[in-house]
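Look for chain A in each of the two complexes below; its partner is chain B in the first and chain C in the second.
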Partner chain A sequence: MSLEKIEVDALVVGSGIAGLQSALDLADQGYSVAIVERNPSIGGKMISLSKVFPTLDCASCITTPRMASVSHHPRITTLTYSTVDAIRREGKTFTAAITRKPRYIDEKECISCKRCEEVCPVFLPDEYEQGMGAKKTISIPFTNAIPQFPVMHPEHCIRCGACARACPKDCIDFLQEPAPVEIKAKAVILATGYETTPMTAKKQYGLGALPNVISPMAAERLLAPHGPYGRVLRPSDGMTPGSIAYVQCAGSRDKSIGIPYCSRVCCMYAIKQAILLSGSLPIADITIYYMDIRAFGKGYEQFYNNARAMGINFVKAKVARITEDENHNPVVRIEKQEGTSGPEEIKHELVILSQGLVPACDGSKFGLGAANNEFGFVKLSDETVSSAVTDGAGVFVAGTAKGPRDIPDSVVDAGSAAIEAASYIRRL
Partner chain B sequence: MNEKITEAASKDNYRQEPKVGVYVCHCGGNISDIIDVKAVAEALSKYPGVTVAREYAFMCSSNGQDLIAEDIKNLGVNRTVVAACSPSLHELTFRNVLQRAGVNPYLHEHVNIREQASWVHKLDKAGATAKAIKLAQAGVEKVLRKDALNAIRVAAEQRVAVIGGGVSGMRAALSAAGKGLEAVIIEKGPRLGGKLLELGKMYPSGETGPAIVKKLSDLVLAEGKITVHTSAEIDFVSGFVGNFKINFKKTDGSSAQVKAGAIVMATGYEHYKPAKGEFGYGEDANVVTLPEFISLLKNSPADRLEYSGREIKSLALIHCVGSRQVEGVHKPQADGRLNDYCSRTCCTSALHTVNQLKDKYPGVRVYDIYRDIRTYGMKHEEYYDKASKDGVLFMRHNEADQPVVTSDRTGHTVKVKDVLTWGEELEFKADLVVLVTGMTPADITLIKSQLKLPSGADRFLQEVHPKLRPVELANSGIFVAGAAQYPMDSTEAMASAGTAAAKAAILLAEPDIPLEPFVAVVDEHKCTGCGLCPAECSYDGALMMGEHNGKKVAVVNPALCKGCGACVAVCPTRAINVAGWTLDQFDAMVDAIAKE
Partner chain C sequence: MADVKQIAEQLKKLTGLRGPVPVELRDRVAAQNKAQRAVLDALKAGPKTVPELAAAAGLPQDQALWYVAALRKYGKIADVPGKGDYPKYELKGGEAK
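Moving on, here comes the complex of A and B:
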């Protein structure tokens, strides 16, 4: 296999909103940029959100144009479904070894007609829909994905050949191999983002085994305009939930699971989801169990006040345990911090765990000298003078790769990483 | 100023036969849940002048954009109408599609059927659909009458003016200079550093405010591309993107002027000053604000916490003073508004300060009265933990039950209805009361009014969009950095200032800047030289009487004209029009809407 070589000014690892925006802010200054994304589409977490606080814009409406600008930008090259295996520093240049994972189709020929997807007989749980709903073994990851190429999952494929027969361009290639790519760059921006704390993190909250205790990402998909069911229902029996509860700090501010820090976004996304839920389920009771509501950003306190005015219940309480009754109704054991004393058990029909944010990628593994902080996020070399410079010369960081933060803060980070990288390149 | 304009709005008439493509967007379900988008596309496909009409889930997505590009290529579409969200969100997105496909980008019309139809007529689906059809038809009429316009290009000063020399201003200047631009800091105070000059040990680094200022100001002074003016009082700001002029007075009374292509507003904040009598402030000397307490702590002797020669053995902190105000509970500010925002930094700063207090004077009793503790930063939860471990007594109240401070000869009594002890009314004595005050924006009335800068209900400078354009003001070429936009700590100010510099660098990446061509254009044949219109124009130099082929006519300076249209309204002969928004276009739109 011949080695594809790309030479650019800057390499951006990760294509969430922080990666996309830093690439654009560099390219618009005249620099050439390569973005490497491990997923089949660019867009990161933001493209799968429903609507976003505090403006309640639909997430697609503001992510897709950024994605499109990146994919049309003459100075930006994007490599999706690609892993960064290693980055070496040689003098003033970084050389990154990338592997393009096989999609099992010929990307040069594919016209995104979806015929392969239509005929494929094998369904799998759709991870973009958080496992709710199904997709085909060969399929385009989601409606707004960029690029619009199908991906085949060989571990599920029964080699029936239907896709190959249906494809008008003869692109299906069952024998496609991973392809190596080499990228040379003068600077690197780490924008590798976050994952949510796992559902299994806490024994007391059912270890992810209670069907009607769901993740906030699943709730985002239930609320999304193009969600898996087109409406809000609960997983165990498809019922429309009449009583919904949020458990705040589930996976943050909790030394017992090794995450003492506050995840910054979970108060706000819970409030947002509660507002959206009361829009789609006007008669549902919605309760948020919380310790402190951290609505500290511009317009956030007002957003919180609106939610209270809409009748969403905010209850100061610690949730000690979640179990379920015989109908899979989650039962939440709370210790209230106001009103009556003593623990109480309250039954709801759906519970969402407001999970925290942990790093998605160990940035130190690339051996670039960019160290992590004690929680595994990329550390800044001196945050009192710059918000993007890491301990590794020529290596910068943006967005949730350096710690939990919301979209406005991630976007602002991105510009600052771009200007730091530009200054560094200029001075080389 | 005229010589700076390299190319004015030119109105070369589009000679091809017009072929309109109409694209109706579902906007996820934002539009299609209410409006029958298929019916809209169907109705428009039959409308005169329309070559093709389609509907699609997300027109702004790459697939949606490709639909348009392909129709341009395959069907010869040369004008487009997109019926979708608001033009402020995506008009530019679609203009770029036309540009890429080789069509003049101004031959596009964006029709808002979301805010103007689906969102406001949720209960009347048929009515909303009918309205969307009318609006789209009016859009077709307008686009049929549009001219191909060209962006106006103005030469730009390759220099960034940074107003305010706090940490944000210094960072913005450093980042701009790092990129190779000249930067000028204009600071009204005698020194660089802003509020950090007064602060003690800061979170999260533990370094003092002045030490951080020194690190940044050393970098600034070593950077040859940065000029610093301190004790500079700005008295007049004018100009437009690429060509701003900032006039200021120096201490010696002399005046100076800085010319700049872009401005970064880094004017920071003021500490909230409690009203006289607010928790006893201003009436009782033993009620102080957090910044006052920070300097008191800095200057106290090693063996005891001292205030006006008296030892302080107990103190009570009250959070959210001047922030998170609620109607019916708090008195409005002088302008009638409430400070209903959270000041973001004060919880962390208060607890960080209490940590230092407890380290220095472990015996001092501390009561902390709060509504929510907002120590959201990565390591800030530790300050909260440490305070609890150090024996700080936390009390929590609901917004409606404000704590009450009363003072008499024996000292202060603080009363709190504490929800943590199930709403019990607690009463205790404290030697000192510390009001955890928040931030209000710095007073920049003069600059704001001269440059017509927007601010929000919270009075801080208002960005265009928190996610898409978070540091840009609606005024082209003016950016905001740091606490001038909203309360933020100094590390967050670094990010904001860096981004403001990045946006300035992008703007000035080329020697001239493209401006929107939506400016007044005079039809010299129709203009009778009556001179009514210049009197209506409120932008200096935008519209004057001049000559054309020996005839007296109105003459527009396209770089200064804002396209407001005030002149259009007074012209008796319809000789003056705003390009892209002409009277003929509006007439046709009204006719289309009014038609049965």
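Moving on, here comes the complex of A and C:
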């Protein structure tokens, strides 16, 4: 396999909103950029959100144009479904060893017609829909994915050949191999983002085994216009839930799971989802069990007050335990933090755990001198001076890779990372 | 258009490289086909909710919903407009008999 070589000014690792924005900011100033994304599509977490707080703008309507600008930009090379195996510092440049994973199709020929996906006989849980929907062994990741190439998962392929027979461009290649790529760059921006705390983190909350206790990402998909069911239903039996509850800080500010910090966005996304739910299910009861509400950004307090005015029930209480009844209705045991009443058990039909944010990638593993903070996020060398400079010369960080934050903050960050990287490159 | 002989050769080579398709996967796909057929057959008698479909097709309710999501996405079934705690689904145009 011949080695593909790419030389650019900056390498951006991760293509969430922070990676996309820093790449665009650099490229618009005339710098060449390569973005490497491990997923089959660019766009990160934001592309799968329903709407965004506090404006309630459609998330994909904001993300898709940025994804398109990046993929069409003459100075940006995008590598998706690719892993960063190592980055070495050699004098003033970085050399990254990348592997393009095989999609088992010829990307130069594919016209994204989806025929392969239509005829493939094997269904798989669709991780884009948090497992609630289905995809095929060969499928295009989601409707507005960029690029629109199908990916085949050979471990789930029965080798029936239907996809290859249906493909009008003869581009299915069952024997495709991983392809190595070498990227030389003068600066690196880490924009590797976050994951949510696992559903299995807390034994008291059912360890992810209660079907109607779901993640907030799953709730985003239920609320998205093209979500798995096309409307809000609960996963155990397809019922329209009439009573929905949020459990705040279900994975943050909790030393028992090693996450003592506040994840900053959970209060706001829970309020956002509650508002959206009360829009699509006007007769549903919606309760938010919280310790305290942290509405810190511009317009956030107003957003919270609107939610209260809409009749969303805010209950200051600690949730000690979640179990379920014989119909899979989650039963929430609460201890109210106001008043003097004892513990209560309250039955709901759907519960969302407001999970916290943890780092998606260990940035220190690249050995570039960029250290982690005590929680595993990329550490800034001096927070009071710059919001993007790490301990590694020429290595910058943007977005949630350096800690929990919302989209507006991630975008601002991306701008500073781009400026810091540009001035570093100019000084070389 | 694809050359059928060439595809067969590639697949044969693949089996040489990776060994035969695992029995577990074959069984899983067979079970999927059966469940899918049962859901579609159950809908031939008329629109149904997920619990009704689950009972008619002999599937757990959460699985019946998953097949509904799958068949809906790939254009085999559609939502029946209307209110109620449990929405109903029907076969998509032409397939209802």
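Heads up, the rule we're going with is that the second predicted complex is superposed on the first by the 427 of 428 C-alpha atoms of A that agree within 3 Å, B and C clash if a C-alpha of one lies under 4 Å from a C-alpha of the other, contacts with A are read in each partner's own complex, and residues count from 1 in each chain.
One rule holds for everything that comes next: contacts are C-beta pairs under 8 Å (C-beta built on N, C-alpha and C of every residue); 3 or more make two chains touch, one makes a residue touch a chain.
Computed from a predicted structure; not experimentally measured.
Visitor: Between chain B and chain C, whom does A:E37 touch in the aligned arrangement: first, second, both, or neither?
Guide: Neither partner.
Visitor: Examine A:E220 and indicate which partner it touches, taking first as chain B and second as chain C; both and neither are also allowed.
Guide: Neither partner.
Visitor: Taking the superposition on A as described, I'd like to know which of chain B and chain C A:E324 touches: first, second, both or neither.
Guide: neither
Visitor: Touch check for A:G299: first (chain B), second (chain C), both, or neither?
Guide: So A:G299 only meets chain B here.
Visitor: Could you say whether A:E338 touches chain B, chain C, both of them, or neither, answering first, second, both or neither?
Guide: After superposing on A, A:E338 lies in contact with chain B but is clear of chain C.
Visitor: Touch test for A:D9: chain B only (first), chain C only (second), both, or neither?
Guide: So A:D9 meets neither chain B nor chain C here.
Visitor: Go through the superposed model and pick first if A:Y261 touches only chain B, second if only chain C, both, or neither.
Guide: A:Y261: touches chain B, not chain C.
Visitor: Which chain A residues qualify as touching chain C in the complex?
Guide: 118, 121-123, 125, 129, 132-134, 154, 156-159, 161, 164-168, 170, 172-175, 211, 228-231, 233, 235-240, 242
Visitor: Please output the residues of chain A touching chain B within their complex, sorted ascending.
Guide: Its residues touching chain B are 17, 25, 28-30, 52, 54-55, 57-58, 60-62, 64-69, 71-72, 143-144, 146, 148, 224-226, 253, 260-262, 264, 292-302, 305, 316, 337-341, 373, 375, 377, 382-388, 403-404, 407-409, 411-420, 422-423, 426-427.
Visitor: Could you list, by residue number, the parts of chain C that touch chain A in their complex?
Guide: Against chain A, chain C makes touches at 1-4, 7-8, 10-11, 13-15, 17-18, 21, 25-26, 29, 32-33, 36, 49-51, 54, 61-62, 64-70, 72-74, 79, 84-87.
Visitor: Under the stated contact criterion, what part of chain B meets chain A in this complex?
Guide: So the residues of chain B in touch with chain A come to 27-30, 33, 57-58, 60-63, 65, 85, 89-90, 93, 96, 100, 171, 175-176, 178-180, 202, 204-205, 207, 212, 215-216, 219, 324, 326, 340-342, 344, 372-382, 385, 396, 398, 419-420, 422-423, 456, 458, 460, 465-468, 470-471, 485-486, 490-492, 494-503, 505-506, 509.
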